[in-house]
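Each of the two complexes below includes subunit A, the first together with subunit B, the second together with subunit C.
Coming up: the complex of A and B.
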């Protein structure tokens, strides 16, 4: 491979000496994606921060892989010295989503964890403050989950303003205009 | 020392001279707004096609599609325009990302507060036309949620094609069809352009959901010849496809073809419900797409239907005119067999006016449907046209399709630029001739399908454009050469197609064995008696019909090429379906 990815390859090699199961993928110069077993995350973060000088936690995000019945937590960390951005991806069970906090390494991780707890419903063990964050009196499933139906919720909670009654459905308008009768095969079968 | 420093220190403030202060300035300066700021919407009303994708994607249900005065619906435009409830909008800009035309954008203007709640109900582009100059957030064409690239269709190589009449297009496999169907945004604008108004979004959605059976049901609901359409349709739907504005149209024709090809016998899936016989009889003259469609739906509704066809096989122009590499005979057989199962009676090799008189048919049936098509070619009108070796494309194609041999020699010139001309050229290429197409206008003016033109070029057909045939020169009663002159294009002041004008003296000569004329066809009304022609209103070669395809003879209905101007299979099918309504109304009240 080319010289420009030398540093990235070196990091991948070092990681492999300690974390055999980590799947390191060099996306491009300055960008690594690492898939990791979820229980290895705290030691891995510690290793990156203290041994490989990745001092900055950029953010934590969460992806809902509803088809796999899993959440994916993505920890973005950055090294100012190496100018490399690392995304650490861990998958956790969607039914009982629990993850260990990384609060001991970065104080501001607590805020991201609190947000993900509220928006996706992931519980972070060891985080003392997972209280209400942005949403007030939320009594539905966490809104960033993909099975949360935003349109349905919006229409149940917010009233329709006056003056919107004349809205039309494009499909209906077209079929009416051209005299097209759309058959309903689904209800026929029932 | 200290003294001097104390004296000079105040002057160090001078270094701030000329620098911009951080404090608020009076009079207040407005700050520059961020490049991709998201304020209220703006919509380019002329570019918008009313597909309603913005309204569908809106997670807050903030966008309504409404009718606006002065905007009429037309082909490819629903006539509706979006209205945004900014009280609900959260400026996520999904509507802009999903807009297939790119007409919708966000401006840097917004209203912070207002005592009038209606201020927040905005029809972008209509209520704020001045916002055109304040657009800040537009769709990024590099990063888009829409997939603008069509799944490529596999075809035979050009050199392989000319060896036989094997079908050129190979069709999608299941995975390809799913991938293509998923691209559809479900806007239904295609329905506006389809003459038969097929349920296109529904069957594409069914294909995307891997429910090919449901797709087939939707397809057969108002088109009994979908496999034919799936292969040879002129697909006006794809020209108005919302995705075609910024990318490739959805391959609607290939998807229909895919769905129909999955089932060798459609009747097993469709389980057609045939009504009890109602005692009425209908005679159909001409077994083309119009006659077959009318026959199919009449038979389903309990009519006793008989189709009379002069050729040895049903299908009309789709059998006799369209070459087998585009529409193989087994596809046609499959559809005819299905119709026979429904109970449509078919009589081949019987020409009305020769083997049976029109009067007899009128006597025999309660109603008549006339789908006789255009089978008589126009003559080119050149000297030497009657020489041996000067033939008509429509006759040539028919002979080949019936299975007869036609000797065209080594060098063939086809005159014309329509689909028939291209078909004739490609067929002549397959029987071993060197083919040149002579067309009086430019390639972009050709009425033929661009895919057909490309196909012809791939197969080595030479196309001479802006060439006007002048004279056919013969020797011993046989065609020898053709003389043509080059033309320049004169733009039409009325905005129509540019007209070719002959350049004096720029004449060329081509050696040729066979000249094939393909400049259009007309109908053959010779089966009508003189009294019939008085009663039946015919205008410029076309039978005049009302909304339900009823002619001036109350019990005679008509459809297909001899009625409509678009002259393609799908319009003929639409005519046939419409006539069924008319016949039902006429006979059953």
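Coming up: the complex of A and C.
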């Protein structure tokens, strides 16, 4: 490979010497994607942070792969010195989603975990504050899961505005009530 | 009320959800004794519109009108981020002129955000003339946006493959006029706010972020540069044409409200200079590299994380595509997510009640991007 990716390759090599099962993929200059076994995450994060100087936790995302019956947690960390962004991807079981917290390493990781707990239903062991964050009195399945149907939920919980029951054109209701003429944009004639 | 406050008695005080010192709706539950905050907790959820969930059910093209609504003071980094993330997954090239126009839009929107911040910062210190002036001057830039994009606040102008249309005729001259006007006005602003003894007394030594701890706590943007750590996404990971412009990263030691204000004030000058450079160096050519039919637009399987330096700090988008017509996941990383929740909760103990909104403003807390 070319010289620009030298630093990335060096990091991939160092990671391989310590974590044999980690699959490192160099996506482009400054972007690494690492697939990891979920139980290795806390030691791996600590290794990246303290040994390889990845000091900035950017984001924790959760992607729902419902067809594989798995959640993918993506930990984004960045090194200001090396200018490299690493995405650590771990897959966990969707039926009983549990993960260990990384709160001891970064203070603000707690907020991300709290949101994922609320929005995807992943339980983070060791996080003392997994209370309500954005939603209030939520009693349905976590809303960011793929099987949560927004339209179905809205139909069950809320009432539609009058005049929309049979999905009629709202302009017709207006024209009936106020006698306005609906302009015809669809016809070919002018 | 007798006016005698028992020091040992702890009172709960709810700051917000409606509060002029906060851009958006958010509540801080403060436990106070006297007028000193003992501890506080951030409560959000007043602005949750479920954008990320909505995007999972829309076509890629339909995501663009949604994302700009995530942040009111500065919507353009959202559009630019989503566009760049899609381009990265797709491998689509962007014409050079479009990149220059994007930088122009981003810098103009940074100016509007800083003008709004300046008004808020002065207003929360009790200087109420400033907000009137800065909001008025911001409107001159909004006029430019209206001419360029058709919208004053939400532009929906940057999209995958370039920008929606070219600059109108004579636009360059009008931008330069507004920049000249702003430069003159900045002298007045300096006298009214930055060199004002009232502001300096309020700001120096208040809301200090520890330099050693700043990175560990996830601080980004002007608050990080206000600690003397010179990190800027525009230099660390140059996007669009920022590496072709002449500029330097501004930082100042101190970590208090005053040094953050200094950093932002200098960045206003820099943005004006960047706007001039961009207009000067802009090449001619196409502004849009067309893609497929938006109704049948599928992206290859893949994911990408892109980041922009917004007026409040690192703004990032994590976009995952599963090869279908719709996104699998779009995750927005707003700087206020860290600044407004964990950092603020850590800074609150020992603070004076009057300083809370003052410091929130200087951290750039923006609730819409906490909840999306």
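FYI, the second predicted complex is superposed on the first by the 162 of 190 C-alpha atoms of A that agree within 3 Å, B and C clash if a C-alpha of one lies under 4 Å from a C-alpha of the other, contacts with A are read in each partner's own complex, and residues count from 1 in each chain.
Simple rule for what comes next: contacts are C-beta pairs under 8 Å (C-beta built on N, C-alpha and C of every residue); 3 or more make two chains touch, one makes a residue touch a chain.
Fair warning: this is a prediction, and the values are worked out from it, not measured in the lab.
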Which of subunit B and subunit C A:31 touches, first, second, both or neither: second
Partner chain in contact with A:135 - subunit B first, subunit C second, else both or neither: second
Touched partner set for A:63, first subunit B, second subunit C, both or neither: second
First, second, both or neither for A:170, with subunit B first and subunit C second: first
Subunit B versus subunit C as contact partner of A:144, first or second or both or neither: second
Partner chain in contact with A:179 - subunit B first, subunit C second, else both or neither: first
First (subunit B), second (subunit C), both or neither touched by A:55: second
Dominant toucher of subunit A (residue count), subunit B or subunit C: C
Which of subunit B and subunit C A:108 touches, first, second, both or neither: second
Subunit B versus subunit C as contact partner of A:80, first or second or both or neither: second
Overlap of the subunit B and subunit C footprints on subunit A, listed as residue numbers: 150
Residues of subunit B that touch subunit A when the two form their complex: 50-52, 55, 58-61, 64-67, 73, 78-80, 83, 85, 87-88, 117-118, 121, 186-189, 191-192, 197, 199, 201-202, 214, 217-218, 221-222
Parts of subunit A lying in touch with subunit B, wherever the complex brings them together: 150-151, 154-155, 158, 161, 163-164, 166-171, 173-175, 177-180, 182-183, 185
Residues of subunit C that touch subunit A when the two form their complex: 44-45, 48, 50, 52-54, 56-57, 215-218, 231, 236-237, 303-305, 307, 314, 316, 318, 320, 328-329, 331, 333, 337-338, 341-343, 346, 371
List of subunit A residues in touch with subunit C within their complex: 27, 30-31, 33, 55-59, 61, 63-64, 74, 76, 80, 83, 85, 87, 106-108, 110-112, 132-136, 143-144, 146, 148, 150
